[in-house]
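What follows is a single structure, and I will ask about it in a moment.
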Amino acid sequence: MTDLLRATRAHTLALAAPLSDEDAQLQSMPDASPAKWHLAHTTWFFETMVLTPYLRGYCVFDERWPRLFNSYYESLGPRHARPQRGLLSRPSLTEVKAYRAHVDAALADLLPHAPAESRTLIELGCHHEQQHQELLLTDILHAFSCNPLLPAYDAAPPPKAAAPEQAWLKHPGGIVSIGHDGNGFAFDNEGPCHQALLAPFEISNRLVTCGEYADFIDAGGYREPLLWLSDGWAMVQAQGWQRPAYWLEDGRVFGPHGVHAMDPNAPVMQLSFYEACAYAEWAGARLPTEFEWEAACGLPGFAQAADQAWQWTRSSYAPYPGFRPAAGAVGEYNGKFMVGQQVLRGGSLATPPGHARPTYRNFFPPAARWQFSGVRLAR
Amino acid sequence: MTDLLRATRAHTLALAAPLSDEDAQLQSMPDASPAKWHLAHTTWFFETMVLTPYLRGYCVFDERWPRLFNSYYESLGPRHARPQRGLLSRPSLTEVKAYRAHVDAALADLLPHAPAESRTLIELGCHHEQQHQELLLTDILHAFSCNPLLPAYDAAPPPKAAAPEQAWLKHPGGIVSIGHDGNGFAFDNEGPCHQALLAPFEISNRLVTCGEYADFIDAGGYREPLLWLSDGWAMVQAQGWQRPAYWLEDGRVFGPHGVHAMDPNAPVMQLSFYEACAYAEWAGARLPTEFEWEAACGLPGFAQAADQAWQWTRSSYAPYPGFRPAAGAVGEYNGKFMVGQQVLRGGSLATPPGHARPTYRNFFPPAARWQFSGVRLAR
Amino acid sequence: MTDLLRATRAHTLALAAPLSDEDAQLQSMPDASPAKWHLAHTTWFFETMVLTPYLRGYCVFDERWPRLFNSYYESLGPRHARPQRGLLSRPSLTEVKAYRAHVDAALADLLPHAPAESRTLIELGCHHEQQHQELLLTDILHAFSCNPLLPAYDAAPPPKAAAPEQAWLKHPGGIVSIGHDGNGFAFDNEGPCHQALLAPFEISNRLVTCGEYADFIDAGGYREPLLWLSDGWAMVQAQGWQRPAYWLEDGRVFGPHGVHAMDPNAPVMQLSFYEACAYAEWAGARLPTEFEWEAACGLPGFAQAADQAWQWTRSSYAPYPGFRPAAGAVGEYNGKFMVGQQVLRGGSLATPPGHARPTYRNFFPPAARWQFSGVRLAR
Amino acid sequence: MTDLLRATRAHTLALAAPLSDEDAQLQSMPDASPAKWHLAHTTWFFETMVLTPYLRGYCVFDERWPRLFNSYYESLGPRHARPQRGLLSRPSLTEVKAYRAHVDAALADLLPHAPAESRTLIELGCHHEQQHQELLLTDILHAFSCNPLLPAYDAAPPPKAAAPEQAWLKHPGGIVSIGHDGNGFAFDNEGPCHQALLAPFEISNRLVTCGEYADFIDAGGYREPLLWLSDGWAMVQAQGWQRPAYWLEDGRVFGPHGVHAMDPNAPVMQLSFYEACAYAEWAGARLPTEFEWEAACGLPGFAQAADQAWQWTRSSYAPYPGFRPAAGAVGEYNGKFMVGQQVLRGGSLATPPGHARPTYRNFFPPAARWQFSGVRLAR
């Protein structure tokens, strides 16, 4: 636990290290948050959920800050409006780092004699912070993508991708076990563990590549309404979508390593659910359900499970049978978002090592395009 | 078939009979359509899908009209913008009725020697028109609800409701058969028939009543964020929701019979999915999934199945395993709407007799409040 | 007075005569009102301002209606929201006509012994109704322009226009008298009569023609930002303006007589202030101020003063020196609109005969394009 | 000239000195710009208008930057969208300061042998930069006002205000000279100098105080529609205005010195034109026209002319008789904004010394509330 905590807290700082004070301030849309805010919010989570209730004599670092760094917990009082997080030039990045150090020190004080409930919450706080690590990266990339200079988060050249030959993996269907069995950490939305009945299906051994997606574009995929869900086609027209979010007009792509040539073997990413569905339709296939994905991810040959891009599923985000949110503030963690979103499975190149699991349920609205989100086909 | 066609066509006209030319013109929001448009669109469906391809020598009634009365079929050419349907004072209601007569006559010509495919499409056209019959009523009621005079569609007093005593019906779960088996008409979205695995559950024998819902309001249900889905609470705040859509501030309610006293025994209606969920949460229960609903609807004691209000389910609208849309224009009928909506099951007092089935899947966005949509609890 | 009242009331009905009940219901944008609403509102004005205070024993026709037909008088209580006027299918056109007859009869009762103040208000009511006569026509044309069938208000062919040879009329400037001198009726915004100092200027003898405006379009006028006011260029881009509001892509134009060929000699109309300014800039000229217009309109050779199109001026709508609104509800008539609008002078082919005067001040926001609004150049 | 240039450039840096890199990045609304952007844009102006055309061998500092720092000059190519200026974390504040130094050095090279036209443009560049100095301050204050911590730009306490006794100064009217006579620098919109005819009027010797404005609020000024222009009342309702922009609910006020007690003797500021008009109406007075203001500002006893707050006038921003924009890019400086705005006269505590003149015409849309904008009454 001590190691997990230390490593997690350090990794967040490391992710923010390439950013200037100004970079860390950027909020490019209401759905994204400044890096500085992620640094502070994850710290607020430990302060509020762990230190205040469990560390005797703990003093809140600054009593005006919880209002700034509470994300969405109605039970914890009023919050600074989400779309205005980018307007918080104060506290400064330096002050936020001092806040982190203060809370880290207090957690170190607590850990040796932390009661069991608090240990559970510290573990939750670590996994929560890991989620924000990925968001920190996707959010700053979105912000950089809005700057005509298209700055590189990481000056190193992008790694060269190698796509395995595409193949269909067969699954016989039948009754399968879905959800987390309680051994080790999992988020509440991964349970209760239960059984589901699947028809036989096939699933691709790997993700759709940029080269394959370019064929879809060249074939007029963004101009043919019959390939699209109705809401998706409305977005194509209203937003003028013509290619993935970070593909440039000149054929190059933008990413963590700045602007570079499109690599036809790399998995296509920064796709919305709508684009994923349209591509699948064009390819004569479909998206897997989240249950199919979970049942199939252990099949031999199942590649790129969690290290490249999250994989849109045809399942909307809903409670598992028997799901009940926890009592108290942490009960707001997942359950209240279970409408209007699609489940993504797997993990991405931005997911912290050890964070994802086969039962892990990521979720985003179907129009979201700024995540490392790609496509694995089924049929 | 001839009887179904004749009865369906006549019933639509009967529904429009209480409306003046001006009433039939009303469009009160982009999601609703004028009664006149419903009259014309259902006719256009027969003309386009049946008469033009299958009746030799058939002449389109007015070649400028398909553009006006095509709803959303991308494969059938450009369409008049949906939010502007209320601006079509021409063609007049009289002309639209002449259009109906023209098409009815042509269908009568065709029927005696209609080929099999055309008969399938005529049947589809009848069921399509029945769907629009309910919409015609819900849409005109919404329009009337925007008029401070709150006109009555039907001057008769509302029927007196009698709610059965509430009881929980037990279902053992297990593998159940879901979807339509192909005997008789069904929409494409009701299939393929397949098996699903359910955990044991209980479902209420009847719908939530107005009196029960009033208790929720009195208990502060619209002021307690922790009862609501996050998107739902955002709607409550943005729209100022304080009660069902057609409940007036003075405690009376508006409906097909105009304004009258709230009947505590009547099922509560004109609820959004968000309100249905918040009520269920407050009541210590939940909404059934669409599979639970379908499996339970034949249980002894299962009342108000399809004659009062559609029942929101916890299932989002998605394709069944193996679902493929039909080829051609009718393929756009259902599949392209399978995202961002919730399934409702059952039927309502406005559903034409014979239209609904246990496998019937109605669907609306979670914020929709102008339908005859209510709540049946599960647990 | 009796004649004016009778003629005015009859003319409004005559203008509505070509409209069906459905036509009279149309509201195509928040700034426009249904013909039926115009018929009722002008009647409400007499009822509220004249009959209720001055006719002993007068009973309001329907006490629920003033809320529906009060336009913007804050001092007269709450109003039905303006953008929702098109949703009032009830009262019907027939009922509104009965309302008119009821009020006409009461006014006939009052007239023989009407006190002086009431006679002033009746006169105001007549001129008010004349204003709405022009709006009734411009509003129904806008509504018809939204119908792909582009119905004709008047089935007769458009009159053939003859443009006089363009010439510049010289005005020496100096101190001129501006505003109404109090002889005969005028609106409050035309006074007080006062002196203004003008520099010498020249003004065109006639309006800009469609042929001249087509040259501007052909020369790329809608693609050259430097010709436009900043707000105007923003509208061009946001709205995709490429030609006057009622010019069709195919070179024909829409108007009271439906669709017909563009007449190069006819004055160009349905222009916004922005387009008027851009044209003037392109033509090496400018718009006159409203004072220049008033000083010049009596010059020999000044043609098309008030019979073709209102003429945008470079003057924004502001109070004259010493202007004070009247006490009571009629004080809301003009003064509260004196910001954010431009003055138009003259009169149009839709202005009722006898309504306009040289001192008359019409006004619209600079982006308004659905009026009979054209351009007279100055320099 | 050298002194003006050096002093102006230094003053801008001094104004930005209290700001952190993060502060300098803030953009709180589309109408406001980050301090860093102001620093760069004023520099771009010199680079583009002066150095590139007149300094032989000058190299643009970074050829990707003109696109970022061109404000609105259509003739100078495409621009980064105004609402996205806050997303430019790169270039950094440090880089922008290096840009300033680079351009300052080049200007120093040019100055000794600068041709006459370039000297005119350098002078314009200085006055342009002074305008942005005031905006830099009003924009950062707006941004700070959006932070719940309400940071102080200047930690010193606010100065104590002393309001002179209110008195009415009489002006006899008659023909007055308006506009700049060409001696010394003036913006193009201040000319041509011309004559205007004024009726006799009275004007207040000082600005309306906070104490007086508090009386207006206490008397229900924000709840009485009859005091307001129609557009103003719409804003009151839509935006929930209840007091000036920077007055807090608890009776304190926010400003350059952070949050402090309201000083009843200080001039009220951060008012919209609508509020200025409503206050004047309530006080039985009116706003002066810009001509009255200019004619009266030299009267004995005319206090607070240009050192406290800009003063809304009843004049909309329009070209003076004979005004023609300059040829070339600088022609876009003022003329294209001459619609939809109201003129403010005087100057404020944030106006750089020596910047304003009696003929100076400031302008803002009537709803703008983030400037140092107050009220001087006339009657």
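For clarity, chains are labelled A, B, C and D in written order, and residue numbers in each chain start from 1.
As a working rule, a contact is a pair of C-beta atoms (placed from the backbone, for glycine too) under 8 Å apart; a residue touches a chain by one contact, two chains touch by 3 or more.
Everything numeric in this text was worked out from a predicted model, so none of it was measured.
Two copies of one chain, chain A and chain D, form a contact in which over half of the residue numbers belong to both partners. Between chain A and chain B, the superposing rotation on Cα atoms measures out at 180°, rounded to the nearest 5. One finds 36 Å separating the Cα centroids of chain A and chain B.
With centres taken as mean Cα positions, chain C sits 44 Å from chain B. One simple way to say how far apart two chains are is to compare their mean CA positions; for chain A and chain C this gives 57 Å. Not a single residue position of chain C touches two or more of the other chains.
In this structure, the chains touch in the following pairs: A-B, A-D, B-C, C-D.
Listing the residues of chain C that touch chain D in their complex gives 72, 74-75, 175, 194-199, 225-226, 228-233, 273-274, 277, 314-316, 318-319, 321-322, 331-332, 336-340, 342, 366. Against chain B, in their complex, chain C makes its touches with residues 20-26, 28, 36, 64, 67-68, 80, 84, 86-93, 143, 146-149, 151.
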